[in-house]
Every structure is written in structure tokens, then in C-alpha cells.
Amino acid sequence: MSNQHEKKTRGAGIRTLDQITDAPLDRRSFIKIGTAAAAGAAALGWALSPLLDAEGSITIDEFLQRHYERLNADEMQAILRRIEDDISARYGVQANLSDPKPLPGVEYAYALNIGRCIGCRRCVEACMRENNTSRDPEIQYIRVLEMEKGSLDLEKSDHYYDPETVPQKDTYYMPVQCHQCSKAPCTKVCPVNATWQEPDGIIVVDYNWCIGCRYCMAACPYWARRFNYTTPLIPVGEITTDMTYLGNRIRPRGVVEKCTFCLGRVRRGLNPACVEACPTGSRVFGNVLDPGSPINYILREKRVYILKEDAGTIPRFYYFFDK
Amino acid sequence: MTFNVNRISMLTVRAASWYVVCSIVLLTVVFALAAAGGGTDRAREHGVRHIAFDTTPVRGEPRALELDRAGFTYSCMECHRDLKVPADRANLEAEHCTIVFRHGTDMSCQVCHYPDNRDAYVDRECRQIPSTNSVELCAKCHNIEYRDWKANIHGRVNGYWDPARGPQTRLLCVQCHDPHAPAFQPMQPLPPPRKTRTPSSKKRPPHE
Amino acid sequence: MIDVLRDYLLFILRAVRLSFHGSRIYYTWMGLLTLLCVVALHSYARQIATGLALTGMTDQVSWGVYIANFTFVVGLAAAAVMLVIPAYIYKNEDLHNVVILGELLAIAAIIMCLLFVTVDLGRPDRFWHLMPGFGEFNFPYSLLAWDVVVLWGYLLLNMHICGYLLYAKYCGLEPKPMMYLPFVFIAIFWAICIHTVTAFLYVGLVGRPFWNTAIVAPRFIGSAFTAGPALMIIVFQVIRRYSRFHIRDEALQMLRQIVTVALLFNLFLFGCELFKEFYSDSVHTSAARYLLFGLHGHAMLVPWIWSAIAAEVAAALILILGARRIALLNIACVLAFVGIWIEKGLGLIVPGFLPTPLGEIVEYFPTLDETLICIGVWAFGLLLYSWMIHLSVPILSGDFRRAQEKPACPMPE
């Protein structure tokens, strides 16, 4: 069976396909291949050159680090020291990193008195300071909504109100942050289990495991999650140096973060930063399993409701008003 | 379908060559413009305002029942030992004119201040409440807030949510509420959120 | 055994050399695509260096053109099965010889999908976290985990089918039905799966009322089976013109019928959705309002979506009123393809995010680097597909085959 003639190239002479694929490598083709390869390598080098300016690099240890729930205590300590070194190198502060475990017999709940909130946003900035969130681009876990009186319609709310004084007439204020839902849609959708609910109710993110796909951000009905689109910028003088692995440590870029009820503080019995800052005392925090806690008092005595209850996420965050 | 391969190929090759050259030139121009206009402006650092995490109550520490005048400090009874209770109990005459009184309706000074001992307040049975126990005075009428305050849900409680692990600091009524004009005073809000600005989006119009 | 391996390696080597030889048109086309890929790689390197801040995405609109293109291209991959069904189930002889071309398109499309997802990740260096067995795989709860499984499965299925059939043809042997037919039928079922799973990514999110409807999945299938065959009609004409591969007009007409039915189905479902949104007119219709009419002064998507609707309706009219003429058919295909690309791309993703769950609107616009990366991924897909066609056509026409004087290479069982 003879090979068929095939006009495959012009100008360089007519060759059959077999002659193309089986031709011996002579000097001319070697030079051609070499030139093409060199040009290709140069183009590739140009294309990849921005990587030289990349902020930060990844060590082998960091690359191979396993999921939080698979680490033993020694590995965790090594990781904490490594993160302290990274933060020291990048931000110039000596951080003190720890990994406090959930307290037994404790499940947190949060109540917010929308009858008393005046929308002053001190909680927002206290949270930024405590949680070392990026200032530029600005990440704020708490978003305060100025709502029209008589309506729960979130589309009528104003996020960017900036009057001389608050509260304004015929408005009420509703701050929203992560509700640490009991049936959270965000933990359901994460493909790598980088976010989960801890036994004390706080939903955490393992910032060293998150791949940055942002599916959890799409899933959250409360717009509670934020993404580090670039490396966080925090003024050195404002860094809170007591950091926790799952909470307020300075995050790398490309991972999701959110309110963690100030995990490092509350697991030592302290109030979250937003509760500490609120001048009107509209924020109440406590252990819902303790019948004598303020949070249970509110659930018993006050008119309590849940935002977007029809979403079925069963939040731990309640809004109430007094009278 | 037959067609003149040579002519079509030649035209195609010529057109394609022009296309490639123009693409390269265009991309070069585009990149040059992008590089010129871009660049990150990260220099602006947004500091968190100190007031955000300052836990000082809005009215500070409760003041004693005293009057400061011309460098001296007087206790209330130093004047009121001799001054009688005024007939027009609602109006203040010579002293205390700077007090702005906006506390309920049909109220006068003696609703709260014991007439014969100005170092004390008065309760429902017209007995004295020592000035160190101002909360009991407010509780006389505002019993719902008092009950909530005792349960730690009215007004801020600083410190530990778990009293077993550390102290909790509760405020007095007067540390947030001026007793003569108790409505919580409006404040200046901290600034609204800024957009997530990206380096290449600097030229986009600002939101609203 | 060594002979088999050596023959296969020789096939690879010869194929590599054949890849770099072609007509001037081939060089120009591949050169242009390579240039676009290199430019995109540069932009992607910048994105890795500074982070996704290089894109136009924000916390409010956290998915953009990357995921929009991903969603659209998954549909193209699924639609390759549209050729397989008539060819194998209805025994349509016209389509038999073009099935491989369709499946090669599926391979290229799936690789484009995987690339679109990769460029969207904030931490691509952590890709191994997604590998079952090595990382933590949230299967079966996370739809993204399902998507990883079905996309890779579909890729491997099609790579096996095409690889086996082409290598068999190269060796001059008759392919054994057991080695490919079961996989072909699995691929038919699997194609519907990949696109339904991708649709379910969106449908299951209770916080996004624009997506949280059952009609999204049928709309995905309808639009995929319009855009995919439309693309194939155009691509097959290109292959027909620039190579020796024979594709009869009857094959194109069969594809035309598929496009027509699927497009009408897609328009019907779109009409259903419009009725539901605007007749009930509750607060939950805000996203649809934003898309079609603008909301609170924000109307960036309005011209896009109306152009898409006009394009699809025009395409439908052309197809119904008889597009036997190839030129008209091509116009209809281009209109349908572009219309669906808009409607299923940004026209699906952005209104899902706006208004945000807290009611605000922060409009999204892709940046230059983001656009270049998207163009680069498309260019890479076309590059891959053109390369595979460049190799497959000579194999299928018998020009590129194993030398006959050697003993026949035994096929692996």
C-alpha cells in the first residue's frame, strides 16, 4: 500500500506526511527548532516575570501543611511559631499566637438591641482593630444598616450613611455580622472542608487550608464573609499582637475571613470587641446553655426575632427590642 | 466545492499577517497605557479611631453632688440649709440655671431631690436615698430598665462574659444618661465603609 | 509488550513532529493563539503576584467573568454528546464520522473549564487540597466537590474514547466495540450530569433568590444544547474548508434541527422565568429587575441582556423560517452563541450577586488583566482543539498511520 501524496506545505517543497513525521533531524531543522525553543523560552520568561515581584513566598512546610483537624499538638506549635515568624518578617511586630480550644459546656449566642443601636459604628472599628483586618483594601466584618422606620426591606437600607449625628429621624439601625448559624449554608458548600462549626458554635475558617474559591461567600445569606483580594495592609501600631490560629491572626491573601465572635477573647471568658465598644450597651453576648446568662434573659423576656428566618439557617444572632 | 486554493491562501496569508502585526501593535499600546495609568496606591493607611475601642462611658465617672464656683467646692447643704423650698417648684431662680431640664412631664426638682437634705434623693415613700445609691432613684420610675440593668442587658457591661473567669464592670445610669435630660445624646458616627479598591479600578467612578 | 510501548511512543513522537508542520494558515492561526496565551499568562502571573485584587471582583460580587465563562463552557462540553446520541442511538450514519470531532471539542472545553476555575482560585497553590485521598474532599455535601468529580470523569471518558478510536485507526485496526461503546453510552448520561451539577452549584444557595429556583437546571441544558451544536456547525465548516475532512451537509442540517429545538426550548423557559418574576412582583424579583431594567440607578447589565435576548430571538426566527442556506444558518448560529454566552455568563452570575443579601448594589466590571486572562483561556482551548484536529484529520483520513511493513501492533485488551 503506497503512501498518498499530500500537499502539506508551500514554499518549502512538497513533502509527504510520512516524510514530515519521520524526517531525520538535520542541522537546518535543528537550528529552526533551537531558535523556536529559545524564542518560546524568552516569551515564557517575559510572561512569568511578574512572579518575581510577588509579595511573600510559600515554604515547603506551608505547602504541605494538613487540615487543622488532623494536626497534633506538636505540629500545631511548630505552625504557630512559623506564623509568628512570617508576621514578624512582613509586619515587623512580634505576635503571640495561640490556639485556644472551645470551652466545655458552652455554646455562644449574641443578641442585639435594635431599639437602642444608634448606628455610631464604633463596633465596626473596634472589630477591625481586634481582628487585624486589612485597612486597604478595607475589610470590615460588621456592616451597619440604616433602615427605614416601618420596614424590614433591606433594599431600602443605606450602608453608607454619614450624617452629622446619629441616630437620624425615622430610622433604626441594624448591624449585621456573621451569625454563626447552626445550619450554616457556608460550611455545607466548602469543597475542601476549610470552614466548619466548632462545638461552641463559632464557625471558623482554617486560613491555611482555604483555597479561595469563594463558594462560601456566594452561599451566605447575610453577606457575612470577606475575601482577601490582596495582602492585607495594617498599620503596625494598630496590630493586636495576641492572635489565635482560627481567629484574629493576620491572614494571608487569597483566603476568606469573617467574624469569629472574637474567638481568642471569648474562649478566655472575655467579651468580644464589639460588645466592649458599644456605647449604648445594645450588644449582649453569653453562653446560651447557662440559664442564668444575660442572653437567656433576653430570649425569655424580650421581643426577639431572627433576620431572614425563612432561609432556615438557624442563626445564633438575635435581634430584639425592649418594649 | 472547488475554489482557487492558491489565491485564497495567498489572500488569507496576507490578511492573517496584517492581523498579527496589528494585534501586536495594539496590545503593546494597550499595555503601555495600562502600565502608565496603573500602579498601586497603598500609601493611604486607614487608622482605626481610638474612640472606637475606648470603653470610657459617654458621661464619664459619676460626679458627687457638689457645686464648683469661683474656685471653691460647695456641698449642697451649705446653701440649702438656709434656702427655703421655692414656691414655684418648677423654675430655678438664681442658681442651677445652666441645667437643661428635659426629663418627662409634670416633673419638678423635688420629684428626685429630697427637699430638706439636698445631699440625698427621694424614694416613693418620701424617704431619703443616699447620693451614693443613684441607681435606686432611677429605678423608682424606670423599673423595666432597672430590671434589665440588673440582668446585665441594659447598658454596656465590660470585661468578661463569664463572671467565673473574671470581673464584669457595670455602669451606673448617670454614666450614660444626664439625669436632667436623660435621652441618650446623638453622636457623630464613624465614617462609612470604603469600597474594596483594586489597583486597576482607580479610574472607575466612585459609588454614588 | 515492549513492542506495543515502543509503537505508542513512536506514535507520540511522530504526532509531536506533525504538530509543528502545517500550512501557512495553520502557522498563523496557532501563532496568534499562542501569542494570546502568552499575554494571558503574563496577566495571570501578575494576578498571582498581587492577588485577585487585579480583577474587578469585590466582596459584593465575588464571582465574575471567570466563573461566567466556566459556566458557559461547561455547556459546550456537555453538548458534544448531542452528536453522540443521533450517531449511536439513532444510527445516523451522517454523524458517525464527526462524532470524534465533537468529542475532541468536549475535551478542549473541559480543559478550558478547569483552567477557568484555576484562574479564579485565590490560592491555586493549594490545589491538592481538592484531591480526594490527599486533601479533604467535602463529597457529597459540596456541589463543587461533585463538579470536580464529574468534570474530571467526563474528561477521562472522552480522552479514552477519542484516544482509543484514533490510535486504533492509526494502527489500521478495527476498534473493539467493548473498548469504547459502553463508555460512549456512559458519556451521554455523564454529559447531562456535568451540566446539571454545574447548575445545582447555583440552585442550592438559599441566600441568592435569583438562582434559588428549579428552572435554572433545565435552562442550563437548553442553552448548552443550543450553543454547543451552534459552535459545532461553524467549526465543522472551518474544518471542512481548511482540511481534507469530508463533512456532509446532512450532518450540518441534523445539528441545525438540534439547535432550533433547543433554542426554542431555551426561549420558552426564559419566558417562564420572566412571567414568574414580573407577575408575582415580590421583593425577591429585585435581581431580575436589576438585570432587565436596572435598579436604583444601576443599569450596567441592561444593554447586554437585551442584546442577548434580541440575538436569540433573531436566531430563532432565522432557524424557524428555514435556514437551509448555509450562510443564513451561520448567522443564526453566531447570534445564538453570542446571545447565550451573554445570558448564561454575566447575565446569570452578576444578578445572582446583586442586590447583595443586605440589599446594596455595587456594580461589577472586569478589568483589563481579567479580560486578557479570559481571552487567553479561550485561545488555549482553541489552540488545543485546533491541534487535536490537526492530528486527527490525517489519522481519520488514513494519511497518518503506522508503517505497514512492521508486524501489526497488538491492541491492549
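Per-chain numbering from 1; labels A, B and C assigned in written order.
Rule of thumb we're sticking to: a residue touches a chain if its C-beta (ideal position, glycine included) is under 8 Å from a C-beta of that chain, and two chains touch if they have at least 3 such contacts.
Since this is a predicted model, take the numbers as computed values, not measurements.
A.B. asks: Relative to the centroid of every protein C-alpha atom displayed, which chain's own C-alpha centroid is closest?
C.D. replies: Measuring from the global C-alpha mean, the nearest chain centre belongs to A.
A.B. asks: For the interfaces A-C and B-C, which has the higher count of C-beta pairs in contact?
C.D. replies: Between the chain pairs A-C and B-C, A-C carries more contacts.
A.B. asks: As a quick test, compute the distance in whole Å between the mean CA positions of chain A and chain B.
C.D. replies: The answer is 26 Å.
A.B. asks: What's the distance between the Cα centroids of chain A and chain C, rounded to whole Å?
C.D. replies: Comparing mean C-alpha positions, chain C is 31 Å from chain A.
A.B. asks: I'd like to verify one number: the distance from the centre of chain B to the centre of chain C, where each centre is the average of its C-alpha atoms, in whole angstrom.
C.D. replies: About 53 Å separates the centre of chain B from that of chain C.
A.B. asks: Would you mind listing the residues of chain B that make contact with two or more other chains?
C.D. replies: 9, 195-196, 198, 207-208
A.B. asks: Mark out which residues of chain A touch at least two other chains, giving numbers and ranges.
C.D. replies: Expected reply: 10, 137, 139, 143, 159, 229-230.
A.B. asks: Touching at least two other chains at once: which residues of chain C meet that condition?
C.D. replies: Chain C, residues with two or more chain partners: 23-24, 39, 50, 53, 55, 58-59.
A.B. asks: Given the complex with chain B, which residues does chain A contribute to the contact?
C.D. replies: 10, 111, 113, 116, 118-126, 128-130, 135-140, 143, 159-167, 229-230, 233, 235, 238, 266, 268-271, 273, 275-281, 283-287, 293-294, 297-298, 322-323
A.B. asks: Which bits of chain A are touching chain C when the two form their complex?
C.D. replies: 1, 3-4, 6, 8-10, 17-18, 20-23, 43-44, 46-51, 53-55, 58, 63, 67, 137, 139, 143, 145, 153-157, 159, 176, 185, 188-194, 209-215, 217-223, 225-231, 253-256, 308, 311-313
A.B. asks: If you look only at chain B, which of its residues touch chain C in the complex?
C.D. replies: Against chain C, chain B makes touches at 9, 12-13, 16-17, 19-20, 23-24, 27, 30, 34, 40, 195-196, 198-201, 204, 207-208.
A.B. asks: Which bits of chain C are touching chain A when the two form their complex?
C.D. replies: The touching residues are 14-15, 17-18, 21-24, 38-39, 41-42, 45-46, 48-53, 55, 57-60, 62-63, 117, 120-127, 129-130, 135-138, 141-145, 148, 201, 204-208, 283, 286, 296, 352-353, 355-360, 394, 398-400, 403-404.
A.B. asks: Report the residues of chain B in contact with chain A in the complex, numbered from low to high.
C.D. replies: Those in contact with chain A are residues 9, 42, 44-49, 51-55, 57-58, 144, 148, 151-162, 164-166, 171, 176, 184, 186-198, 207-208.
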